[in-house]
Each structure stands twice: as C-alpha cells, then as structure tokens.
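Two complexes come next, and they have one chain in common, chain A, joined by chain B in the first and chain C in the second.
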Partner chain A sequence: MKRRQLLTGLGAGGLGAAALSALNAGAAHAQTGDPIPIGAALPMSGPSAGDGIEFKNGLDLAAAEINAAGGILGRPVEIHIEDTREMGADLVGQAMQRLIDRYNTPAIVNGYNLGANMVELDVAADNDVIVLHNNTQIAHQERVKSDPERYYGGFQTDPAEYWYGPGCLNFLNELVDAGQWKPANRKIAIVASAVEYSIVIGNAIRDKAAEFGWEVSVYETVPFPTNQWGPVLAKLREDPPAAILVTHFLAQDLAQFMTQFLTQPTPSLIYMQYGPSLPVFREIGGEAINGVIYSTVIGGLPDAFAAKYREDYRANFGDTASWLTGSQTYDALWMYATAAAVAGGPGEPFNGEQARKVAGVLKGMVHRGMSGSFRFDPEGLVAYSYPTETKDPSLGLPHQFLQHQDYRTDPKLIGPQLYADSQFMLPPWLS
Partner chain B sequence: MNTFYAVLVSGLTVGALYAIASIGLSLVWGALGVLNMAHGAMLTLGGYVAYGVITGLGLPVPLGIFASVAFGALAGGLIYVLIVRNVLRQAKADFEANVMIATVGAAIALENGILLVFGGQPLRQPVTVSGSFELGPLIVPWQNFIIMVAAVLAMAVIASLLNYTRMGRAIRATAQNRDAARLMGVAADRVYLIVLMLSGAVAGICGLLLSAMVQLSPSLGNDPMLKAFIMCVVAGLGSLPGAVLVSFGLALLEAWVQYQFGARWGFPLLLCAVVVVLIWRPSGLLGKTEVRRM
Partner chain C sequence: MTKTSGRTDLLIALVLIVVAIAIPFQIDSRYVLGQIVLALFYACIASQWNLVFGFAGIFSLAPVAIFAVGGYATAMLCFFLGWSVWAALLPAALVAAVFSVLIGLACLRLTGVYVALLTLAVTQVMYLLIVTDTECFVQVGSVCRQLTGGPGGFSRFGDFGTRQLLKGDWMIGNYAIVCTLFVVIMVVTWVILKGPMGHAFRAIRDNPGYAVARGINRFRVQLLVFGLSAFLTGLAGGVYAAHFQVIGPTILQLPQLMFIIAIVVIGGTGTFWGPLVGTLVLMGADELMREVGEFRTLGLGLIIAASIVLLPNGLVGRFRDLMRYAGRNRSAGLKTSKDIQ
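Our next item is the complex of A and B:
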C-alpha cells in the first residue's frame, strides 16, 4: 500500500495496526531502527495522580502495540515521562521543555494538565513539535484560532468542556421525557470548584438551564481540591433541588461528597462529571456511590470494537485499572504514530517542515479509537463531540453518560442511545 | 435549625482535626522554639503506615492504629537524631533557622519516599466507620464523632503529661528557658527527643484520623500543616491551650462563612485572621510577649 493511497482513504475511516504495518512494510527508505522518543508530561503525583497513572498505562500499551506492528516506519517508539505534580503553567511548561531538551522528542502526548493556561501550545510552537492533550478546554480552540500559523501543531484530542453543559441538561430532559425519572421540582443546584475547567462547565449549565426548562437554585464554588462538604450540603438540604450537578472532578473528593451526602440525602439526582470514571472513586466511596450518574466527553467505550483493548489493559495493569481513562492517551499515541508514518516520519524538534506535514495529516484524519471517532475541527484543532456538537456519530466522540449501579463492577453506559448498553436506574436514595 | 446543627457538626469535626494537627506543631515550637516543617509529612506517614499494616500486611486494625502512632514517634526521634542533635552541637549555628530548613528537606524526602513506595494514586484508608446516629436534632456521622473523641483524648493525654508528670515539668522548664533548665539539671537534649517523639506520635494519629475522613495521598499532610501553622500563629506560637481553642473557634467560623457566603471564602477568612492578629497582637491571642534586652 502506498502512502498516497492511504492519505486518500483517510476520510473514509480510521487507521489502525494493519494500516501502520502496511505503511511500515511499504516504507522504502530510512529504516535506521533508532527509537523515536515520545514525551508525556503527566501528573504522576499530586491531586490528579490517579489519572496520570492511567495516562501512562495507556501510552505504554499503545507503544507496545505500535512497536509490535513495526513502530513508525520501522523505528520503535520510546516513551519518556516527566511529572507535572500539581500542574499549572510553570510546571507543565518546564516538564515539556525538559522532554524536548533531554530526549529530543518530536511529539508530546499528554493526558490533561490543569491550570496550564494552554502553555502546551506555546512550547509546541516554540520548538516545532506536535502536542496532543486532553485538557478539555474551550481555551484551546480560542488560542489556536488567534494565530493558526503559530499553533499549527497543538491538538486537543477531546471536545471542549463547554459541551458538558448542554449535554447534561439534554440528558436530564431525556430521562424526564422517557418517564424514567420524575423530578420533585424543576430546580437544579450546581457545585463547581475554583478551576477554569469546572467553572466553564458550571457556567454553561447555568446559562443554558432556562432554555432547557430548569431553574438554578444554588450555584456554589468550592476550593480545589476539597473534601469537607458539610457547609455546602447544609445549603443544598435547605432547599432540595431535583438534581445536584457537581462539576468539580477529583474522584476522591467526589467520593467524599457521596459519603457525606448519604448521611442525610435529599430527593435529588446526583450528576458528576469525569471523576467517577476512576477506580479510586469506587474504592473510596464504596457502596455510597451506587446510583451516581456521571458523564465524560472522552473515555473508552464498552463496545465490541474496544474489547481486546480492555482485555489487554487489565491483563497488563490489573483488574482495577481504568481502561476508560487510559484510552485517552492510548488513542492519541495511535493517532500520532499513524499520522507520522503517513507523513514520512516524525522529524525532530525545530524541523518545522516535517512537523507541519504530521500536523496536516492529523488535521485531516478520522480515527476510530477506543473512545469513539476522532475528527478535529480544522480551525480550532479540537475533537468534535457527539451528539450536541455534531449529529454524525462517525465524526465525533460520544458524550457518554454512565451510572454506577454496583460499586463492585464497572459503571454502566446509559447514554447516548446509540452506544448505551444499559438502562438508567433510580438511585437507592430515590427509590 | 437543622442547618445550624449540620454546620456545627462540620465545624466541630474540622476543628478537632485542626486542633490535633496544631498540638504537635505547637508542642515542638513551645519546647524547642523551632518550627518543624516536617510535621505535615509525619502526619502523612501516620496515615500510610496504618494503611500498609492493615491493607498491605493484612494485620488487625488495632495493630495498624498502634503502628501509625509508633512510626510517627519513630519519625520524630529520627528528626532529633539526624537533625536537631547535630544542629545543637554547632555552637555558632543559627539553631532555629537551621532546624527549620533541615526539616523542610526531611519533609520533601519523606513525601517522595511515600510516593515511591505507595504511588501517587489516592488510596482508601481502611480505618473508617460508616453510618451515623441521631442526638436530638443532631445527625452525627460515626466517623466525625470518633474524630472528635480521639482529638479530645489526645489533647487530654498531652495536657496531663505536661501538667502532672516529671517529664512534663522538664518540658515546660526547657520551654521557658533552655539554659536555666540545664543549669537546674534538666537533660535538655533528652527533653527535645521526647518532645519530638511525642509530637510525631500525635502527628501519626492525626494522619490516621484525617485520612479516614478524606483519603490517602502523598500530599495529605500539606494542607493540615498550613492550617495548623495558621492556628498556632493566631493562638500564639507555643501556646497549647490557645492552639486548641483557636482551632475550634476558627473552624466553626470557617464553616459558618462557607455556609453563609460560599465555600470558597473559608480559607481566605483564615488568612485574614492571621493578618489581623499579627497586626493587633503580634504574639498571638494567647501568646506571651517576648521581651528582648539589648
């Protein structure tokens, strides 16, 4: 198979191990066999360590598979990790620069880093490297659009956090319309934490609430991180809303919320986002988490396509490892490897010409990964969200709604309908 | 009215945690006149030791509790042997500053050691009690109740030790004037060792209680260390009863502010309290003014 043929076929579907093997077999030049260093600036300690460890797992698994398929044009990939600890622009920027300076990484595949203020894009631009991250921020597309020529190499491999807002309200209304949930009133309470990501989601819900027929009775912002929920819960119990929407996302804090909430539960549906996908949420919360609904705009799907990935992930990293989270970096590395192979190689830092070729392939490709279909908005270089942003499931990552129905097992996917494998169940404190 | 009681329970629980964290810090400051910057890391150690013994080794819970106290005391002893004793031997060294800087290093080493051994992922402390009980209009989670009782017990034990034992008298004498105490036959070095071990033991139990309330992570002790420092400054550095009173007072105020004005205003309130107290009473609410003659 010729590279040109593959490029032509990109729009029709994703490229996987078979395609990469074909590219490797057909590559007539250059196979030096030297490893290609790939960097990852991950929160391996600090409050997001639970995610950081899964991001590393995802990278390790993808690297092993890519190398088994012949690497990138015959060169194996080699993962190098720098810890971003408590995150923030200073730590993330320094970690990325160290990766480039020490290992000469042509690409950096991060999970998410909080409070980085999109420093990833500047480091990538200054060094002519490709960066793929899951910061889940609308700020990414705004920065890229402000100077597309400079930020050509920065890709956000998941949709912006904004889509959590309308997506969540739409889901609540679907439950009501289907008769699966009868809300006690039309009030919702929003609990955000003092980080941009959480606040943007909280604001998106608040701004769209009336449009979807809901009234915001409480909007509370808690410190980040937080684990003492007493005063917030006291406020919620004063005027119980039909749904409590927590946009803070640290799994351990959310588990504490549930433990403390259940001492005196209100007749409210509990919706959270992202954090409950981590095993630590189940470990810390135990039975108290049964009934919690959460959503994520990116995460491994429990479908047949991802079955082998799930199996391999747990075989490699243990039964409690979160393949839902690890899929983020797993998919991102596969996308990069394929794009670099199609572009004729990864290049190296400060080789802007080659980096632009890789970026060009990424920009045009559609990749069916473990989390769904990746396609980047060509202007903002951010993955599309299905069904709120695009109605075409083959061109967007499903905004997944899951429910913990039994803390001893994986959460159940209850939306969107196209992907759901289970039905919503009323939480124990409501039934 | 239920809201009032809910905020009260929350404030008292947090106050108990602040108090028990402040006691250890205040004890060392009072006796040695130095700030043990490794106090937070010792607290983290206590939580992880209990986890390691109960979950890792599969030993009974009481043994895990005992181990967290014992390892806390051991860590305090090591700080004395490795840092305090050596700094004391250097006649020209600035004792307070050197101990403070050295304990920052010890804290970093301890935190990273925990990170290497247990990893960065948050872990569930196995010593937890679920459920709650009703006391009139109050609904008190058992976990909160146990934390409050344990904090009160720890305070009572420390107070008894200081007030009614020979060792307590030696500690108080050394705290008042190290040189005078030495001249009167008090083995100041041994007092320092005992104080650091005692402080470590309290940190160990505090770490256990705290991690039962939240979860284990290598940075577990950082926030309580900061809060304990705030309590000690507001109370007056080295004042044990002051630290306890201020811990409960400020925690209740913090809980009320969080409820009334929003959770995000709790910590700024504590910082404001420090600023106001430092301006109004530089030696703290219950601290004694230090007179230095030229």
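Our next item is the complex of A and C:
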C-alpha cells in the first residue's frame, strides 16, 4: 500500500484532531470553558485582500474543526480579525496590539504582512504572546537569533524566501537533465518588483545563477503593484532568455504579464512566484496562463492526505476559493491548538511563563499539515524547506513546483518528485 | 494677532497639557496609547505643513518626504555609524532641513501648482529610488542590507531605551517623549507665528506684491519657512523611526500625504489649532469605523468631501466664524437695548 493510499480517508487535520481529542479526554468541562480568543492581523483590504480573505477562511475552518474536537482542553477557540490594510510596520503593529488589548489574545495567527519588518516579533515579545506568521522572510531568523530570549514566541510557519532562489535554479536544471526541456541558451531574465520579498528572491536567484550554470541577462525591477509590462517585455524581446523568472507575486499583475507576453512570445520558459496559485490568476489570464510554472514554499498539497480539507474548504467557501492559500493559517492554528493543549493551556498576555511553555512545545513538535511537514529550526524558529534545506521530507515543507496545464482546472504539481502527481509539459508557445 | 487670541491659545494649551498628563493615568490600553502617539506624529507633520501652506502660502507636497528624510537619517546614523537614537535625532533633523532648503532652492522660484508638482515629484522619486535599490551595501548575518534600506527599510537600529527602563510600561515612556516633541513643535510654531517672521509669512501669502513693496524678500522668507518647518518635521521623523524602530518607504506613499493634507483641510488651513483638531477628527473617525470593514475608506472619503463642501475654512475656521457671529449679535443686542432705554 502506498503512503498516499494509507493516508486517504484521514479527515482534514485528522492527526491534529486525534491528538486534541486525546488531550481533551481528561478535560472535565469539554466545550464548556471560556472561549480562547485567537487574534489574526490580516490584510482584509488593500492589494493583498484576496489572500487576507483566504487566510480568514483557513482560520475559520480550523477553528470549527478544533471546536468540534473539543477545543483546547475543553475551551473553544474564537477568532478575532483586525485589518492591516496596506500593511507596513505601523499598521501591523497597531493591529496586533489592538487584538491583544481588546480581546486578550494569548496568540496571534497571521498570514503574511508585507513591509512589516518583523514588527510582529516585537509586539509578541512586549506582550508575552505567541505569534505565528507566513511572512516568508529570512529576516525572521536573523531577528530571533539576535535575541532568542526576547523573541521566544515568534514562529514563521513557512521557509524563508531565500530558498526560492536555489530551489528555482535547481528545478530548471532538473528539467534539462531529464530531457524534458531544451533551453535555447543559458540565459535567464529576472523580473522583480519593489518589495523586499520579491527582491530577496530575485537577488538569491541572481547570486546563485552562475553556480547552477546560468547567466543573468536581464534584472529588471518594476513598481509594486504594476500591470504595465510593455517596457519590460520590450527588453526581454531584444535578447530572449531561456527562462523568464518573475518574482513579483500579485496574481492580477502576473495574469496581465501573460496576456501581454503572448502577443509576441519569446522562446522562454516562464516561471512565476506565488500569484499563479490564486484563482484570480486563472480568471483574469484565461487560456494565456497555460504553461506557466510557479512555485511556493508553502501551500496546500493536492494529495490524498489533504483531500477532505480541500473538499471542506470548497464546500464552505465556494468552488473558486483558494484552499492552497487558506491552508497556511489552517495549519498554523492547528499547530498552535495542539501545542497549547500539550502545554496545559494557552495562558493570557503577559503570562510569560505559560507562553514559554507553549513556545517550547511548538519548537519541538513535528506537524503533518495540509502543506506538508512542519518542523521549526530551533535557533531561528522558521519552518524547514524540503528538498533544498533539508533532505528529509518528513521534516520540511515541500518547495512545490506547479504548472498550469489547463486554465479550467487546478494546476498540476510537477515537483518535488516525491509529491508530484503530474509531468512537466512544454508551454504552448514553446511546443 | 491680538492679546485676546494669545490668551485663548495659552488657555487651550494649558487644558491640553493637563489632558495629556492625565491620559496615561486614565488609559491602560497600550493600543489606545499607541494610537494617540500615532495621532501626535500626524499632528506634528500637519502643523508644519500648515505653517508652509496655510500661513506662508507655499503649495508644497513634500511634508512626508521631509519627515521620511528625518526618519531615514536617524536610522542610517544609528545603523551604519552605531550612534544612539538620542544622539542622531538633532543631526537628522538638520539633514532634513538642508534637504528641504535644497528643494526650496530648486522650486521656490516657481509658484502655485508648479511648486506642488515639483515637490510631489521629489517625493515619488525618493520612493522609487529606495524601493528599487537592490544592491547589497552591507551584509547583516544572511540578510543583505542596501544603502537606503531598500524596500524593507531599516529596523532594529536602536530605541529610546524605554523598554529597558520601564519594562511593560515602555509605551508610557514613549508617549511622554512624543508629547514633549509635540509641545516643543507647537511652542516653536506659535513663537514663529507671533513674531515678525509670522507676519512676513502671512504678508507674502495674502499679497505678495504689497509685501515685496514693503521690503520683504519673498524668496528668502519662503526659504526660511521651508528650512524651519523641515527641521521640526525631520525631528518628528526621527522620533517616529525610533518609536516604531522601523522606517521604510511606505511612509512615502501617496495615501500618507493625502491623509496629512486631509487633516489640515478638515482642521482649518492657516489656523494654529487646525492640524490638531483635524488629526483628532480623522483619527477618531478612522477608529470608530474600524468595525465597518470595507466601508471604512468610503466613510473617511465622505468626511473629507463633506468638510471641503460644508467647511471651506475647516472646523476651526467655522468655529471662529460662529464666535464672531455670536459676538456681533451680542453687540447688536446691547445696542438695541441701549437705544430703547
């Protein structure tokens, strides 16, 4: 029996639910205790509102399941949302502080917030609360390492953006080695946008390119957000590279890139960042997005283990809802609930002793979620990436490579090999 | 400005100082204190923009650029040279003043909308230069830091030391620092406005031809107001960076500038208390509308639009009109009863 078949039938959050049920068995007052307020500072408006809604969906679904399993030691969880709008350190910091002051939240489970400069960690440290976020930034581990005693409660539940660089180059080489793609030359073009996330990835690709046998022919930075791709495309058409790597990540902008690119395509493979995972990319781009490859270091897997989660997600939030994105906060809340139960309760703000217990459990736990296996680097408190950072798939989140092969259906997972359910296909403009 | 208005200003200031002192004793929510601190920063920038636009009549759109220069200079002095935040604040304010004077030299030969366009262009160019800065200047651990901080900006370059000193009550310490800054800025602004400089600013605004005929050098006076207001705005920028321990390019985005302009317009351009009143109204409205989610931005837009249509001189201007109207009625009433007698 294959591992995938063995896991079929397990409900969404099945392992976590089983663990919580066992922990709740001893609770004298199942579902009768005071609710545990859990905060979430999410971009519910502004340029990342699409993701903010999915993050909220993920939290709502996880909260419903956790409560159905008996809550955390008999206490149901209650989600409170605060809008971080255009994000940034001041807005995110104030949103988190408001959640703590107003609802007394012992934990805050965010998706990502751009430009927050890890202010999340300071708010968590100042108030002795736990924060789990998906900012996907190497800056997290640097901050935690700078003062581990202070930042004990800050966890990044996905790998740093840095891993996109070597991961992407490695993937290109695998395609070449497997004979699935014959590049016209060894040139790559990098198109980044003016946000740290995009630029760190762009720089990581640029810095590692030569090591993987590639030459960067174009490195272009565009404003964030942008949908005017004409000047960039003109440059690319002047000296067509073998691959165009777009590290800008807003789905609507990336869809526009594809429609504008296809008016005069170059013989280049197109790789994009994160945005193509959102339904809006397919809705706006339509047929033009067929062939696009993208990757994400975190996202719901299209595997058997997550089948019930996907089904429930769509049943609750509609067929076009992005379970891939929602899984990020879904998994994070399950992890927190399990850790808080094991630690004997969530505590409350300014209860440093209890918060440290919860953080201690989180730090040591391995959780198989809808996005893969979570384990935190004990020094930087950042989830490991498989296969570039750790070779053990049971201890790292798979760096997933997906391809849109038919815009009317879900994208196909084409890497890493262990998780892949489809083969790479040459894009229409190359075949 | 009359002695009566001076006494009124003093009375209002005393009441506000009493309220400011009482706030930390009455409010134990760190969030609310944080919002008040944020409001004070807005009021600081708005009061200086009001000095430039409302009193001196220069349509500059550079207030957030100058604020950002103050914040960036503070952060860079601390980050690259290892200075303490306290040591960096005044030199950073000076950098902001020099920056503003340079802008002034370039644009004060122009008038009206051309000044606005040029200063707005400077702000946007600053934003683009920072966010597109990808070159590694120093390596901090495994993170590459650009000279300008790049799109991520600067963080963890130092603070006021209130966290170490006051532990959990650090926000009260920061509140006291920002309150002091606000008081200093308002006092300096008041002294400027009461003195010959203030009269010169208003003269240039109200009738440039007549002011020049009376020997006022328009260019020099406007350059002076640019430099003075920029020093105070830059100082506020430095304190802002130290309070949040972060300064990034988002501060240069258009919504921030629009918010400052809206504060002054709602409060009353060319009025001393207008920026503070505008800040209280807009921040208060923003806070109250938090619960209505997506209608929050619409609500703020409606308030701004209604203010422009119904209160062309702002809330302080309308209040002043009402007081004048009431005063006239009182005089008329007294005259009538005297006539009857």
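The definition used in the following text is that the second predicted complex is superposed on the first by the 410 of 431 C-alpha atoms of A that agree within 3 Å, B and C clash if a C-alpha of one lies under 4 Å from a C-alpha of the other, contacts with A are read in each partner's own complex, and residues count from 1 in each chain.
FYI, contacts are C-beta pairs under 8 Å (C-beta built on N, C-alpha and C of every residue); 3 or more make two chains touch, one makes a residue touch a chain.
Values in this document were obtained by computation on a predicted structure and should not be read as measured data.
Partners chain B and chain C clash in the overlay (superposition on chain A). When both complexes are overlaid on chain A, the residue A:234 reaches chain B alone and has no touch with chain C. Touch criterion met: A:284 reaches chain B, while chain C stays clear of it. Within the superposed three-chain model, A:255 lies in touch with chain B and out of touch with chain C [touch as defined at top]. By the document's definition of touching, of the two partners only chain C reaches A:119; chain B does not. Once the two complexes are laid over each other on the shared chain, residue contacts for A:264 go to chain B alone; chain C is not touched. Using the contact criterion defined above for the overlaid structures, shared-chain residue A:194 touches chain B and also reaches chain C. In the superposition on chain A, A:223 contacts both chain B and chain C. When the shared chain is aligned, chain B and chain C each come close enough to touch A:44.
In the superposition on chain A, A:52 contacts chain B only, with no contact to chain C.
Comparing 23-31, 95-103 or 185-193 from chain B against chain C in the aligned model shows that the clashing stretch is 95-103. Within chain A, the residues touching chain B in one complex and chain C in the other are 44-45, 86, 194, 221, 223.
Interface residues of chain C facing chain A in the complex, by the touch rule stated above, are 29-32, 34-35, 38, 128, 131-132, 134, 136, 140-144, 150-153, 155-156, 163, 168, 170, 244-246, 248, 250, 253, 255, 290, 293-294, 296-297.
Here chain A touches chain C in the complex through residues 44-45, 83, 86-90, 93-94, 97-98, 100-102, 115, 117-119, 122, 126-127, 138-139, 141-143, 145-146, 162, 192, 194-196, 198-200, 202-203, 219, 221, 223-224, 350, going by the rule given at the top. For chain B in complex with chain A, the touching residues are 2-3, 6-7, 9-11, 13-14, 115, 119-124, 130, 132, 139, 141, 213-215, 217-219, 255-256, 258-259, 262-264, 266-267.
Listed in rising order, the residues of chain A touching chain B in the complex are 43-47, 49-50, 52-53, 86, 194, 220-223, 226-228, 230-235, 237-238, 251-252, 255-256, 259-260, 263-264, 280, 283-284, 286.
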